[in-house]
Amino acid sequence: MHADIITQRVDGLDVAAVYDIHAESAQAVADTIGCDRAETVDEIMSSDVDAVAICTSTDTHVDLAVAAAEAGKSIFLEKPVSLNLAEVDRAVAAINAAGVPIQIGFNRRFDPGHAAVQQAAASGALGELHMVKITSRDPAPPPIEYIEVSGGMFNDMTIHDFDMARFVTGSEIIEVFAKGANRVDPAIGEAGDIDTAMLLLTHENSTLTYIDNSRQAVYGYDQRVEAFGSKGMAISENPRPHSTELHTAAGTQLEPIPYFFIERYTESFTNEWLAFAEGLTSGNMLLGIEDGRAPLVAGIAALKSHQEGRPVKTSEITA
Amino acid sequence: MHADIITQRVDGLDVAAVYDIHAESAQAVADTIGCDRAETVDEIMSSDVDAVAICTSTDTHVDLAVAAAEAGKSIFLEKPVSLNLAEVDRAVAAINAAGVPIQIGFNRRFDPGHAAVQQAAASGALGELHMVKITSRDPAPPPIEYIEVSGGMFNDMTIHDFDMARFVTGSEIIEVFAKGANRVDPAIGEAGDIDTAMLLLTHENSTLTYIDNSRQAVYGYDQRVEAFGSKGMAISENPRPHSTELHTAAGTQLEPIPYFFIERYTESFTNEWLAFAEGLTSGNMLLGIEDGRAPLVAGIAALKSHQEGRPVKTSEITA
Amino acid sequence: MHADIITQRVDGLDVAAVYDIHAESAQAVADTIGCDRAETVDEIMSSDVDAVAICTSTDTHVDLAVAAAEAGKSIFLEKPVSLNLAEVDRAVAAINAAGVPIQIGFNRRFDPGHAAVQQAAASGALGELHMVKITSRDPAPPPIEYIEVSGGMFNDMTIHDFDMARFVTGSEIIEVFAKGANRVDPAIGEAGDIDTAMLLLTHENSTLTYIDNSRQAVYGYDQRVEAFGSKGMAISENPRPHSTELHTAAGTQLEPIPYFFIERYTESFTNEWLAFAEGLTSGNMLLGIEDGRAPLVAGIAALKSHQEGRPVKTSEITA
Amino acid sequence: MHADIITQRVDGLDVAAVYDIHAESAQAVADTIGCDRAETVDEIMSSDVDAVAICTSTDTHVDLAVAAAEAGKSIFLEKPVSLNLAEVDRAVAAINAAGVPIQIGFNRRFDPGHAAVQQAAASGALGELHMVKITSRDPAPPPIEYIEVSGGMFNDMTIHDFDMARFVTGSEIIEVFAKGANRVDPAIGEAGDIDTAMLLLTHENSTLTYIDNSRQAVYGYDQRVEAFGSKGMAISENPRPHSTELHTAAGTQLEPIPYFFIERYTESFTNEWLAFAEGLTSGNMLLGIEDGRAPLVAGIAALKSHQEGRPVKTSEITA
């Protein structure tokens, strides 16, 4: 998907070469977009490309990010940086030492609707910000095999919402209270995870943020963000594929909201690459490595809160 | 309904006495609201009431209006004034001669949504007005016995829309083109009437108005008004009884729009009486007898247009 | 307001007499609706009325309820029953001993939109209920003098939401986590109260409920309820006074949502009296005295949670 | 735009070569998408491409279509086919003689919202179709130089709506009544054209269609389609770029609707090429050459109706 977007929609970026641990997958992408296939990661790191996009499985992120930093490459890094805070700190150190620009792949910041909420908050149109509400529900749970290696719902799903909370409030999370439950599928509970959660966050600037998550909203991929302040409120409601209404004796029927995350967030994926291209030119990336670290801290605090039944300060969480 | 509204919701108005050709009906109303029952119309006309409300069957309107005018009473007169233009002119003459204030019962002008559209047009918020669109559809056709004495759909249903067109544009109708059809129920066609129609009106100030009517919109009482001008557009959409949405795998379901005209236009009925009370005090009625005449002229022109297959000037219509 | 509604809109109920500590206020009501004015409370309790409506200031509720119970009257009792749990228990004991029917004035249960959400949950249309979200924000804070005697925001404002949470989930609240803040007006903080809050509730049936409150939503009286379950979601969105949209070069403008609680909840106030009338006949009241007690327990738990920075079990709260 | 869409989004189609009377324009496209530039039209017609896309100025359509038909190529032909009915008939004859598949570029049929309305009508979900309403307003008028060669508003703008009317009703237009006006810009009137119009169409199957057009809707590109039948109504409302609402003391503000036709109809342009690719494979094109002829007949009838002040049968219009 990223390779397609870069090739087709982003002026100023081109894919020089692609590497995948499964050579066939890499070859398929190379054939489709007409680029080289690298035999090794080193081949890419030692080439003269300006930037590398690290979109591999989470456990490989830090090694690759460190390698890229040492090679002096600009970096696009998919979230989460890592499920291990010490590892994240290793990446932070390497990137800061190298001084290379990096953008973390929190694509939702680039969704036009959510971005308009953040803009309303940041511009002062909402006055002083008091409360943020984030609802983020998947249409259906992933396979249990995925759940087992996901790092748990707080680090797999909520991590996006921790980022959104920081984005909209423009302020760090200092406390997390989380209630998790296993309501969707007992197998998820048996795998040691939860599938339903509500969280309350306190930010440094006194704003309160509410988040809820579910692994299964049968009506679609439910993604809403609301910001409330002294001068008003902005809400990013769920968009619809089209605006046709059907009126019958049974009432008015609207189109279902989007079901797939790619469908829902298409524009955000394009926009994050446009921002990356712009950042390469301007030297000013919108989502630095610290934006990859803070959500993981919040995720770890959330799990601790859920397990211990008390609010947890993010300052309690250390590598 | 009117007696209830006056009694319960309109300060400054009270029902002194009620008359109905069916004494039992009158008595029931008198008992409910605690007023007198008049034995005869004369009893009311010769009493010291300030105003009379003529809400009887259409064929009695003119005689009663003339009697009220001659008795010097202020008048509330239900629409249509009459189905016969010469009769309307007789009422006009009597009322003008007596100089009594009169308000015609075109309640829809007092609907908050439609009134907001008119206000947007009249205030200049829409700039110069270019086009008006009115959709007005009943949930179900009346009994055939009613159809037979209704004066035809243009004078029974569209008459409201002719008034709305004059209200929103603030300009007289000079030409009518009407296409009628019998699509809902063959029995209506056999009774000599139509049940489906589209009309294009030209106003003196060059605004064009579109109207459509149906005797049967199975999804409810569909009442919309739109005004379009050089600076924008205002639309009065159908309200809903409440704002609850149901989201399931099948999509999003909204409440049906109101089905009954009383439910849809409750506020307008109260508001027209508040306006009448205000008019009695200020001497300034919003809907004079000429507002009762013009829609009938348009209705007669519409029927002629439908029958002759050509646009008809309202100047062609004479008593 | 209640006297007006009973008189004008509720068949089967009539106001026999009214008492107020300020005789002039009582007389004004008596004059308007045409009923007696009682000189003393005893006059009412010892009369042959079927029911008494206790709509006085909170600190008088329990004494009056006990007196009414002992007089064998059916009771309509405004919320909150009391700010003191021992006092509530005294009322509970008296009412249970007398066996008289009672309805607590939690009018929002009778709002058509919120009731449709509860109905969707109770009917099984939403499947198993997982999460409830309640947003309840006032348009402007009350005077500081009111704040000072209000019992605090949790018992003054949130109490409605605790009731709504119990209503929609059909399940008792077993734990409360509350974060309060003083963001709207420093004077409220100086008066020892908060004006902004987020809460997470856990119910006996495992449903989680989120509530947020603000004393000041400048865009109007923001009242929303959402229920989410295994088969779908129902949302009661804010209604609008009418459905007219204005489209200009600046975008699309909708009418503001209602500002005053009486405007927003008009129908609910009528509906609660219709339910009371129905309950008098059927002997089946929808909101018993226990529905007056549980929200106070939750309110006390909320304050404790806010003060102690930890989730509080409602079982910790005793009279 | 078409070259981009074909290259990037349509599997199974590729652009082999591009020709433009301005060689530089053709070269720019060729460079961007990586295809050949043809020196002459013949070079394309005599090559082994399967299909040609004729997207040139209107006055060249017929010659090119005839040449393509004679060369045995499948054809994509932009609308209008021609402003001259005899010329259209020449194209019809050539295409029918050659038996080549052709798709006319009425892209709006492929808009997901409008297509859902047509689907509701065609599937029987609306019962028997009684009325169709089409509103189609541009955000701003084109330059006067364009107006002068446009063939007039009925053939330039309304032609899309005539096609939409035939698409949604599935029935030929047999009569047109049109009222045009010059309200937006006097210069348009001086150029002999109108800028504002309302039309009533009668279809062979008795459905009535209403159309309105304006050259200037300051709030955006207003494109709505409504179908009403015995079982219900479907409306394709204007979509919005995103679903964020801003609530302030001034009311609720929604995003403006799209302003540019490319923005509004992006999906339809992609979808029409997907349909063309599918038609090349299946041999079954959705929009044949007769779909290019009928709207022109309606456009000529509309102008005649506007000029003569009477409804005009399409059977009156001959080449």
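By letter and in written order, the chains are A, B, C and D; residue numbering begins at 1 in each of them.
FYI, a contact is a pair of C-beta atoms (placed from the backbone, for glycine too) under 8 Å apart; a residue touches a chain by one contact, two chains touch by 3 or more.
Predicted model, so just to flag it, every value in this text is computed and none were measured.
**Student:** Steps needed, at minimum, to get from chain A to chain C via touching chains?
**Tutor:** Steps on the shortest route: 1.
**Student:** Going by the average position of its CA atoms, which chain sits the greatest distance from chain C?
**Tutor:** Result for max centroid distance from chain C is chain D.
**Student:** Find the geometric centre of each of chain C and chain D from their Cα atoms only, then give the gap between the two centres in Å, rounded to an integer.
**Tutor:** From the centre of chain C to the centre of chain D is 57 Å.
**Student:** Measure off the straight-line distance from the CA centroid of chain B to the CA centroid of chain C, and report it in whole Å.
**Tutor:** That gives a centre separation of 41 Å.
**Student:** Mark out which residues of chain C touch at least two other chains, giving numbers and ranges.
**Tutor:** Residues 218-219, 231-233, 247-249, 255 of chain C each touch two or more of the other chains.
**Student:** Residue numbers of chain C touching chain A in their complex, please.
**Tutor:** 128, 130-131, 133, 135, 137, 177, 179, 181, 183-184, 196, 198, 200, 202, 206, 208, 210, 212, 214, 216-219, 222, 228, 230-233, 309-311
**Student:** Over in the complex, which chain C residues touch chain D? Could you list them?
**Tutor:** 218-220, 247-257
**Student:** Chain A touches which residues of chain D in the complex?
**Tutor:** It is residues 8, 111-114, 116-117, 120, 125, 231-249, 255 of chain D that touch chain A.
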